[in-house]
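The two complexes that follow have chain A in common; it is paired with chain B in the first and with chain C in the second.
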Partner chain A sequence: MSAIPYAATEVPEVLVQRQTRSGRIAMTLAVLAMIGVAAMPWWASTGTIRSVLVLCCYIAVAQMWNLLAGYAGLVSVGQHAFMGAAGYALFVLAQTYGINPFVAVFLSLLVPTALAVPIYLLLHRLDGPYFSIGTWVVAEVFRLTASNLPLVNSGAGMSLRVMKDYSAFERNVAMSLLCAGMLLVTLGGSYWLLRSRFGLALIAMRDNPVAAASQGVNVVKLRFLIYVASAVGCGLAGAIYFMAQLRITPGSAFDPMWANVAIFIVMVGGIGSIEGVLIGSLIFFIADRWFGEYGATYFVVLGLMTLMVALYARTGIWGLISKRWDAPWFPIRRKLVDPKH
Partner chain B sequence: MTAVLSTHGLLARYGDFQALYGVDIELHQGEAVALIGANGAGKSTLLRSIMGLLPVGREMVLLHGEPVGGTATDRMVQKGVAIVPEGRRLFTGMSVEDNLRVAIDQAARMGAKGGWTLPRLHQLFPILKEKARTQVQSLSGGQQQMVAIGRALLCQPRVLLCDEISLGLAPKVIREIYAALPEIRATGTAMIVVEQDVGLARTASDRLYCMLEGRVTLTGRSAEITREQIGKAYFGAGHGVV
Partner chain C sequence: MEWFDALVQGILLGGMYAQYALGMALMFGVMRIVNISHGDLVILLSLIGISIATAWGLGPLPVLIVLVPLAVLMGWVLQKAVLNRVVGSDPLPSLIATFGLSIALQNLMLQIWSANSRSLPGHGIESQSIEIGGIYIGLLPLIVLAVATGLTWGLDLTLKRTRFGRALRAASADVEAAAMTGINPRAVYAMATAAAVGILGFAAVFQALRSTVAPADGPAQLIYAFEAVIIGGMGTVWGAFAGSMVLGISQAIGFRIDPGFGVLAGHIVFLIVLATRPQGLFGKALS
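Moving on to the complex of A and B:
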């Protein structure tokens, strides 16, 4: 669909066009990439599947943070709380209660959903940095709880031994399908949301929450829904990631590294855009693979990179690109066109 | 006649600072009321309090006799109150059309009924049709103000709150914008107009309230209030009610 009638009773001579040539090309490539990810067991090694899975988790977590910070204006530094919670839920359901681990991945999402509701109700009264600190504190509380909870084997952590029941190929197929599904839900879902009626309200909320409320946008409700959706998205990434790791401990489950990664990806790639998340994820993934061995120096370079972007290019790499070329990969803007021309 | 909107002993604070001290105002159907006063008198705070942008007591604001003080801003819009905020507060990442579309979408979602449509708005401000595809950031101040007013009208309000709509605009543009107000009133929409220019406020309103340091110091029919009375109430040399 390239053009839809725009309020035909109001402005009959105008059409709204939302798809662009660059968008159509990007959509085709995205579908091909998604099929490629889903079909990995037939063309990629187990090592490659593991690497792609990590990249998909980066993309998913970063896009969830992007929705939170880039549109809802909620700067959370504790989204890893939901990754760990879903990861642990998966291990308990599959290992302790014997539920099929591939079914448990989806059931485990009930935990971040159920936790996100009271946590948001508790934190939403906090403003700006206080909200951020609150989210970090919540993640720490989760880590301490897991460290002392016998149900999850306390600080010793858990192993997903039930995965031995499946062959390496079966595991690879499941992981690949889960990765493709995760991208579809987090990236595709975000794209759908931004193109829907809520999208304009979300962008309005990002631009000016007070003005958005003054136009009737229910900012409180929208922020709540985004927070819960983001928790579920992070939970999905956490469940899939730890399923692939086959082991979970409080330290790895509630590792603030995930929050740092999400912030780096979104800041460097470009906040408030899906394209920015893809660019930032690729940069981080490649940097992590090539320069990870340099340890502290590598982190200093990543930190400096984030600082430079924050100081001199706040819209990130995608912002710089889109300033030069108006060719969005995931167009959400409504372009009004005259059908006579 | 029951007021469309009224405040009763309205108190508002910014933390420890008390900005309004028991403000009483009334607005009737189709009426235009001007709020004048020096900077810091509490005019914008009064509008923000009505709009639910500041916490106030429930009984302190009545809409058609119903207590609505402290109601969330989006609910106030749903109840038929819209604001043209000070500084316009447009969605800077969007085009003119999308700024207006936000209001249209929300009004549709809320089931708001009214006579304001895009073509009608384009009749009121033809430049908005011409500039429909333009990013709002590249518009002039006057054009941006027209978008802000248009956006508020598309919420289908019965009460429109206009906060300093002439601020920073050239006299010719101000005249253009104020020329549109009678047409808005003709639809039955009641208006509160916060204005620094006393002359403009008097000509554009039926009644006016003068505020000083969070209190109403003068009220009466705009045509009957003298400049001397306004001067005293505005600068605090004495209080008066006409």
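Moving on to the complex of A and C:
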């Protein structure tokens, strides 16, 4: 046997390009928007702050659903379980035990974290679509438990009366900072995650879980971590939302409406992208303001739009845009550039 | 005696749940699809049945005779227009499509029939009962149980003995291999969904006779069907039937302990089964 001629190959010199001009522009705008949200008490009315808070909650919940469904392949229709759990935890800690509500917001996140672990260990045994309905059952269990639990005043619900100890301005400052923090954690955190090594693993997993596993991605562990992270993110949104509402009942805390919102936003905006979540959230927010008064008809249209997107345009609006213009707002690709050119 | 009564009532309630669960087991077995609008279709059929009954002055049996073919047609259209486009190994498209359909259906029903609870007039059948050994058993729940048993038996025989059943089982085992042997998967899928929704036609009539229906009731029926299928164990028709019985009994005993605990008791039994025997009580463990 003759030796196979072996040509010494050198690794070609390349630069890894990870940022684009569109990305830099978008990043600047995002930072400015974040500062704008944090500084709301100095430029916006209380009504505007409340509207922005709702929009921020849509964005956060939708992005958490996007991480689950768009990357981990876990389609949940019960993320509102964690919103309500954290909301209730906040009310119990602040109202019943007298902890400062702005500290309690963060402490309340322990509850969705602690609940998400056993729930995932149970539900991951269910196959594909059955997992989804399982998440819904869990949310129902939470709602029925809250309705029967004297600690949270059973079906009558709770009010956050301790908030009256703070002036309107103080509350506005806290809400604005919390909103900015929530955006930073959910959107900024996701962007950081997707650009990291885990991001590569996540994208590989999204494209093909079996192939990703064969390349050394620990799919099982990654799915578990994403599920818990998403539960915490939804919990944060829930705690902030119900702090602004000042009232929580089992029906409002575990409202399946949030599953509709998240699915509509992500599917119409574009699954598997942060840009899609932003586009979808804005569309939903505006549609809700303009057409919310039409009630049932409005929801028929929302439902049919979700159906149409699933049938004909699975990549959503951002998918259609990015097919035509290659200008990502939040670039996560690694592009190899020859430095000699 | 009180607990024995709860047991009997639970089995009778299970007869109702079996009628929801059969269709779901069939569709998942064949296509790996869960139709989230499953419960909403029951409610839609119930409301149509109630409207037909009041408009034409029909009794329950003629309504059933009209409703079942209508349900079969609905299932066939659902498959052709929606599900055939989303069936595949990725569960996301089918879930999202049927989720959207569910929201649209619920709100459309709200528009047409308003949020009021309605029921189908049974001309006395709903209040008759027979006494067996000191326990009064409602005639209607007994009929529901008998029909559920008949449907399960019929579906099981169809799957085992007929040409259609063989095609279904082949398609569920391996679609591509089935297609090579001359089976048209799309046609098989359309028949499976037609059969599944057709069974919901029975469920719709009995649900409207037994209690009331309102446009927002669908998701609860979906969840009961799902729990019955998982408790019983996937892959067998009789498993879904047995799971329905377990769910019905759990709820009936839960209601006896505390009225606020009934539905929750069913959920808890479901979670216990999932924790201890994920393949279901009558399912085979995956190797």
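The working rule: the second predicted complex is superposed on the first by the 329 of 341 C-alpha atoms of A that agree within 3 Å, B and C clash if a C-alpha of one lies under 4 Å from a C-alpha of the other, contacts with A are read in each partner's own complex, and residues count from 1 in each chain.
Just so it is clear, a residue touches a chain if its C-beta (ideal position, glycine included) is under 8 Å from a C-beta of that chain, and two chains touch if they have at least 3 such contacts.
All of these numbers come straight from a predicted model, not from anything done at the bench.
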item: Contacts of A:Ser132 with chain B and chain C, given as first, second, both or neither; value: second
item: Partner chain(s) touched by A:Ser45 [first = chain B, second = chain C, both, neither]; value: neither
item: Which superposed partner A:Thr96 touches (first chain B, second chain C, both, neither); value: neither
item: Touched partner set for A:Asn148, first chain B, second chain C, both or neither; value: second
item: Partner chain in contact with A:Gly303 - chain B first, chain C second, else both or neither; value: second
item: Touched partner set for A:Ala201, first chain B, second chain C, both or neither; value: first
item: Larger contact residue set on chain A - chain B or chain C; value: C
item: Sites on chain A touched by chain C in the complex; value: 69, 73, 75, 77, 122-123, 125-134, 136-137, 140-141, 144-145, 147-148, 256, 260, 263, 267, 271, 295-297, 299-300, 302-311, 314
item: Footprint of chain A on chain C - complex, ascending; value: 28, 32-34, 36, 82, 85-86, 90-97, 99-108, 110-111, 219, 222-223, 226-227, 230, 234, 258, 260-261, 263-264, 267-268, 270-271, 274-275, 278
item: Touch list for chain A against partner chain B, complex; value: 7, 9-11, 14, 197, 200-201, 203-204, 206-208, 210-220, 333-336
item: Interfacial residue positions of chain B with respect to chain A in the complex; value: 51, 53, 72-74, 77-78, 82-83, 85, 89-95, 97-98, 101-107, 109-110, 112, 117-119, 132-133, 151-152, 155
